[in-house]
Structures are given as structure tokens and as C-alpha cells.
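Shared chain: chain A. Partners: chain B in the first complex, chain C in the second.
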Partner chain A sequence: MYPSGKVFAIVPLGDIVPYLSTVNAIILATLVAVLLLPILSKTDVYVEVDHKRPKIEAKIVAPREDRIKAALALVSTLAAVGVVTTGDVFNFTLFLSLLGMSNMGLIGTTVEDDFALECAFNYGLMCLIASLPLFGGAALILAATGTLSLHELMKLPRGAGGWTITYAKILLTTGVLGEAGVGPFYAVKVDSFRRIWGRYAFVIHLTTLLTFSRYLEILSALP
Partner chain B sequence: MSASEAFSRLLLSVRKPTAMVSAYCLLLAGIAVYGLTHGYHYHRKQLYPRPAPQVQMKERDPLAPYDRGGVPLKRPGITVSQYPQFEPKRGWVTSYLTPFTRWLARHSRHCGTTIVSHPGGILDEILYYTRGLDTVLESSIMFVGFVIFSWVVRMKTVTEREMGRRE
Partner chain C sequence: MHLVPATVPQLTVKLYHVAVAAGIAVGLIAAVDILADRNPLNRLAMTDAIEIGALTLLASVGTDLAECLILPGLVVGLAELMATAEVLIARHSDWRTLPRFDPLDMEILRTAPKAIMIGLVLYGVLLTGFTGGAVAGTGAAFYIFSRVNRPRYEEWRGMESISGLGWALWVLGFSLFFLYPKEWLLALLLAGTGGILVKVGPKLSLFGYVMGYDVRAGSGHVPER
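Right after this comes the complex of A and B.
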């Protein structure tokens, strides 16, 4: 019945019932393993060189954006964990909004770089626009079937809901594209892998990829 | 012009950060116009019911769309949950209002449900007790947004001040 294999565990939280199935568990394990990489790795040493003085004087500095980048990468990964394990369509869209917002922050919180700020502004604009089809799709699913729980939606026969649920799927796909799909585009625009915060740019790409693989499972669960 | 050249020109046309937003808006507008040409059938028996707004307007209820009945922690309000076995005390806090909201609803006919006065108003109508995780999430989205904005503003001002001090 479940398209993602056997269900190991559920978390009963009122109407929102997150669950862990075979596919979910594999995605989650990948996510947690990759999150451990920046935590366990040693921080790079950044050197600031002053050329104005007669002799070159170098001092070791910590980048000012390091802390906020770490915090936002953590929020982004937690949102991705929520996206992967959630069992509710509306909750999925909310976690996706949180993920898009924190990815936008990862791009935007760069010191003294106007182009990164401009890219983050456009990504934020994109998140703002994409929340319309995203939440609209979730609302249409509720309107067409009367429920938002994935456990109940899987039990419905194929073709239940008719055109309304097809249009809801189109809207939801557009929303996922705009909310998370363009994150790597803007991350590459600001050349993030060669910056000093390159290890956090990794989080943007990874969470986006895993969001898409989870979204495919949700799409196959809808009637 | 070969096909690969046309494709690379198409890719080159979105190289500016603003171009992607425009392309996305065009896509969205196309989908919206296409959606207008079809009819929609809704499921009559909905989860999360509530009385029709016209019925409540006749009773001159200042809390018309948000009134769920019940007394907090004494009598449960109108709540139908998907999984009743996971929520033994559902509907007990849905009618909670802050004292200011209660005062405003009692003294004015139209301001009882405005966003400023109603703590649930800024969140969603279906987000009552059974969907508490959604409520937490919506607040945390706003929180992350404020954190990013305040960091950017603070860094802008702090660097300018430091640059002025150095000279």
C-alpha cells in the first residue's frame, strides 16, 4: 500500500502523523551522515593580509558569517529532516517554506558582497511567489479529498478527485520547483563552492536533492 | 543556428538573477490561465468543519469566522480530528482568546478577528489543537526570516562604523 516500502515507525502527533518507511529511512540516513561532515571536520584557517604597510602583516581571523551560516545550515537540515519524515501534505509545504527561507539566508548572509545580497533578494522573491502555488496545491488536495493525511490519501482509489487533484499536483510541483529547486541555481551564481563558506553551500544542494526525492514519493502516494 | 546553439542561448538568457524570477512568473501565469478553463469538484464531507459565515453574521457574532464554541478547559469546542485516538483532549483550547481580544470582541462588532487582536488570526484557521506542529512551524518560519534580516542589517551598519573608525 505504501509506495515507499514497509513502514517502520509512526509518531502520533494529533492529525499530523510522521512516519519512517524504507525509502524515507535511506534518505534520512544520507542526510544525517552528510550533516555530520561539517560538524566533525576541522574549521579552515583564514588569513587576512594587510598590504598597505611596508611589510606584509598577516593575522588569522574567523569569518564573521561563520556562526550564522552554521545556524542556518542546521535549520535547513532540520527542515529537510521534517520534509523527509512528515506524513501530511500541508506540513510538507510548511517544512519546505522553512527550508527555502534558510537556504536563502545561507546565500544572503555574506559579508560585504552586494551580488550575493542581490541573488538572495531574488531567491527570496522566488520563495514568496512560489508559496502561492505550494499552499494552493495543498488546499486543493484538502478540497478535493477532504483530508490532508498521506496515510488516508494512499487508501483512496486511483482517479479519485478527478481534475481538481491533477491541477493540485501541477500547482504543488510548480511550488516545489520555485521554493527549493532554484536554490542551487543561485548558490552557483554566487560561486559558493569557492568561497570560505563552501562547506555550507553543500547543504543547499543536498537538501534540495533530498526534497525532490521525497516529493516523488508524495506524488506517487496521491490518488 | 543549430539546436544545441539555440539551447545554449536559452540557458544564457537566464544568467541574470532577476531573469529566473520573471521566467517563473510567466510559467505561473500560464498555469493559472490554464486552470481557469476547467471546472472543479469539491469533496462535500470535509474534515475541519465550521458553520457557514452567513449563519453567524445573522447572530451578530463579532468572532464570526473564528468562533469555535466551547469554554477553554471546561467544555470542548467544535473539532473533528482525523485520528481521534491520538488526541484524547481535542477541542479544549480552541476557543482560547487573550484578554485584550476578549475586550475588543465585546466592545466592537468588527475588530474581534483582526490579526493584531487574535493570536490564532495570524496563523491559519484549521490550525487548532490537533495540528499543533503546524502552528510551531509557521512561527519558526517567521523567526528565521527575522534572524536573517536583522543579521544583514546589523552587519551593514557595523562594517560601516568600523570603516569610519579606521580612517
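Right after this comes the complex of A and C.
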């Protein structure tokens, strides 16, 4: 019945029932590994190369920026854990918004860089715009089926919601693309891999990617 | 599938499609406005309008569950808006070139807020609970906002401990509901009047606390008290 394989554990938390299945567990393990990567690695010398005249600058990164980035990476990963394990469509959208916000912060907290701020602003606008199809899709699913719990939605027969569910799927996909899918593009735009916080760029890329693979599971669970 | 109970009139059921169309239309109009005017501030304001469209879609369902979903949706939208606005401020603001204004010195600003604050706080005590706390806190915040000589930071230091005491009262009243359900009136008074009112009131009046600060350390700009 569950499209993601065997269910290992269920957290009976009132209405919202998070669960852990085969696919979810793999995604979760990858996420924790990704979080361990910036914690274990310690690079604090920033080498800046100017190509116009031969000049190499080495500067120590400000510890305050690094701490903010670490905190935001932690929030981002926790939000991704919530996205992966949740058993409720609306919870999924809320965690996804949190994920988008913390990724925006990761891009925008680069010190003394106006272009990074510009990119973070555009990403924030994209997150805000994407929240219309995201929440709208969840609301349409609620209106069509009367429930938002994935455990209940899986039991419904195919085509139970009619055209509304199809429309909600389109809206939800647009929302997920706007909220998480565009994150890596902005991370690449500010050249994050070659910066000192490159190890946190991994967090942006992998949380958004794994979130999307989790969304595919939700999409197959919808009637 | 028939999800709508028979007691709901058909007109309300039919209005759902109109509400969904209105929500999508709000989003589209705001998106067109973003395309038309690329000014960053306008883009920010118009994305907030799109957020209102999302809330419209949520509200159009019109059940208890939808009502519960609006609050987190609103909070998440506000948080995203604040984060994006913070980025915009960090990008475009320059504290040295910001215009400065002298505070207006009018007698009504010194005398009227006191009376309005007393009235609002008394009305808030009568209301109790969240609403009362909000009303009382609004009164206190209004008093602070309209004063020419703002209270100094040290004078508001006690507010934190009052808020903490209010929280303790709320926890006490809440656990009393479960442990001794027969004492419900005492629990209600503790949680409603003593707890949430005292909790929410100081929280809103903490605005004055924040206003004395300059958050950006080292910028050299200290607002006048």
C-alpha cells in the first residue's frame, strides 16, 4: 500500500503521523551524513585569486559568519528531516517553506557581498510566490478528499478526487519547484562552491534534491 | 464523493469555485504587477499580495481544519516576508544617509495616551485571555509609541520577570485543569486572567524595550530617547 516500501516505524502523534519507510530511511541517512560533512570538515582559510594582476589573498573567515551559516545549515537539515518523515501534506508544505527560508539565509548571510544579497532577495521572492501554489495545492487536496493525512490518502481509490486532485497536483508540483527546486540555481549563481562556505552549499543542494525525491513519493500516494 | 453535509446551502458550495478563482486571480494580478514594475520594494509588496491569494485558497475550504491551517500558513508567510525584507534592508539601507526627524512636540501627545492606555488596559482585563492580552498590550504599546520622551531601557527591565511570572501562572492553571478538574474556575482565572493576559500584555509592550536599542552594533547611530 505504501509506495515507498515497507514501513519501519510510526510516530503516533495525534493527527499527524510521521512514518519511516525504506525510501524515507535512506533519504534520512543521506541527510544526516550531509549534516556531518560541514561539522567534521574544518576549513577556515579563504584564498582569493585576482586574475588581472598576479595577486593571491588569503583571509581568515569571520567566525560569526561561520556560526550563522552552521546554525542555518542545521535548521535547513532539520526542516528536511521534517519534510522526509512527515505523514501530512500540509506539514510537508510548512517544512518546505522553512527549508526554503533557511536556504535563503544560507545564501544571504555572506558578509560584504551585495550580489549574494541580491540573489537571496530574489530567492526569497521566489519562495513567497511559490507559497501560493504550495498552500493552494494542499488546500485543494483538503477540499477534494476531506483529509490531508497521507495514511488516509493512500487508502482512497484512484481518481477519487476528480479534476480537483489533478489541478492540486499541478499546483503542488509548481510550489515544490519554486520553493526548493530553484535553491541550487541561486547557490550556483553566487558561486557558492568556490567560497569559504562551500561545505554549506552541499546542504542547500542535497536538502532540496532529497526533498524533491520525497515529494515524488507523496505524489504517488495521492489518489 | 460527497464530503459536504446536507445542511450547508448549495450557494455556499457553489461559491467555493468562485473563491478558488479569486485566489488564483489575486496571485496572477500581483504577478503581472511584479512584471510591470521591477522596483525591489514593489516586488516585495506584491509578493505579499500573492501570499494573501494563498490564504484565500486556504480559507475558501471553510472547515475547522482549514481554519487551523490558516494560522501556520500566515505565520510562515510572515516569517518569509520578514526574512526577505531583512535582506532588502541589508542590501539598500545606509544608516548615514537615512533622513532624521525631530519628534513632534504637541500637548495632546503627552496627555491623551495615558487616558487611552488606562481605558484599553481596563477593557483588556475585563476581556481576559488572548484577546484581552492583545487589547491591553496594544494600549501599553500605544502609550510608548506616542510619548515624546520615551522610557529608558532600565525602566522597562522588570517587564521580563513579569512575563515569566505570567507564564508560570499559565502553566499552573493549565496543569490544574488536568489534575483537579473540579477547581476549573480557579484554573480558568489563573490561566486566562493571570496567565495569558499578563503574558501577552507585557510581550506587546516590550516594543518599547526594543525601540531604545540600535540593533546594528558599531554603526554609530543611536536613536534619540
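Rule of thumb we're sticking to: the second predicted complex is superposed on the first by the 202 of 223 C-alpha atoms of A that agree within 3 Å, B and C clash if a C-alpha of one lies under 4 Å from a C-alpha of the other, contacts with A are read in each partner's own complex, and residues count from 1 in each chain.
Heads up, the rule we're going with is that a residue touches a chain if its C-beta (ideal position, glycine included) is under 8 Å from a C-beta of that chain, and two chains touch if they have at least 3 such contacts.
All values reported here derive from a predicted model rather than from experimental measurement.
Novice: So if we stack both complexes on chain A, do chain B and chain C clash, or do they fit?
Specialist: On the superposed model, which is not a single observed complex, chain B and chain C clash.
Novice: Compare chain B and chain C by how many residues of chain A each one touches, and report the one with more.
Specialist: B
Novice: Identify the partner contact of A:Val32: answer first if only chain B is touched, second if only chain C is, both if each is, neither if none is.
Specialist: After superposing on A, A:Val32 lies clear of both chain B and chain C.
Novice: Once the shared chain is lined up, is A:Gly178 touching chain B (first), chain C (second), both, or neither of them?
Specialist: first
Novice: Now for A:Asp114: first (chain B), second (chain C), both, or neither, which partner does it touch?
Specialist: The answer is second: A:Asp114 touches chain C but not chain B.
Novice: According to the stated criteria, A:Ser97 is in contact with first (chain B), second (chain C), both, or neither; which is it?
Specialist: A:Ser97: touches chain B and chain C.
Novice: Scan A:Ser149 for contacts with chain B and chain C and give back first, second, both or neither.
Specialist: first
Novice: Taking the superposition as given, does A:Leu134 touch the first partner, chain B, the second, chain C, both, or neither?
Specialist: Touch status of A:Leu134: second partner only.
Novice: Give one of first, second, both or neither to describe whether A:Leu72 is in contact with chain B, with chain C, with both, or with none.
Specialist: A:Leu72: touches chain B, not chain C.
Novice: For chain A, which residues lie in the overlap of the chain B contacts and the chain C contacts?
Specialist: The answer is residues 90, 94, 97-98, 101, 104-105, 108, 117-118, 125, 129, 132, 140, 142-146, 148, 161 of chain A.
Novice: What part of chain A is in contact with chain B in the complex they form?
Specialist: 12-17, 64-65, 68, 71-72, 75, 82, 90-91, 94-95, 97-98, 101-102, 104-105, 108-109, 111-112, 117-119, 122-123, 125-126, 129-130, 132-133, 140, 142-149, 152, 161-164, 167, 170-171, 174, 177-178, 182, 185-186, 189
Novice: Quick one: in the complex, what on chain A touches chain C?
Specialist: Interface residues on the chain A side: 90, 94, 97-98, 100-101, 104-105, 108, 114, 117-118, 120-121, 124-125, 127-129, 131-132, 134-136, 138-140, 142-146, 148, 160-161.
Novice: Hey, which residues of chain C end up touching chain A in the complex?
Specialist: Touch residues, chain C against chain A: 1, 3, 16, 20, 23-24, 27, 31, 34, 40, 43-44, 47-48, 50-51, 53-55, 57-58, 60-61, 63, 65-66, 69, 72-73, 76-77, 79-81, 83-84, 87-88, 90-91.
Novice: Which residues of chain B touch chain A in their complex?
Specialist: 17-18, 20-21, 24-25, 27-28, 31, 35, 38-43, 45-47, 81-83, 85-87, 90, 129-134, 137-138, 140-141, 144-145, 147-148, 151-152, 155, 159
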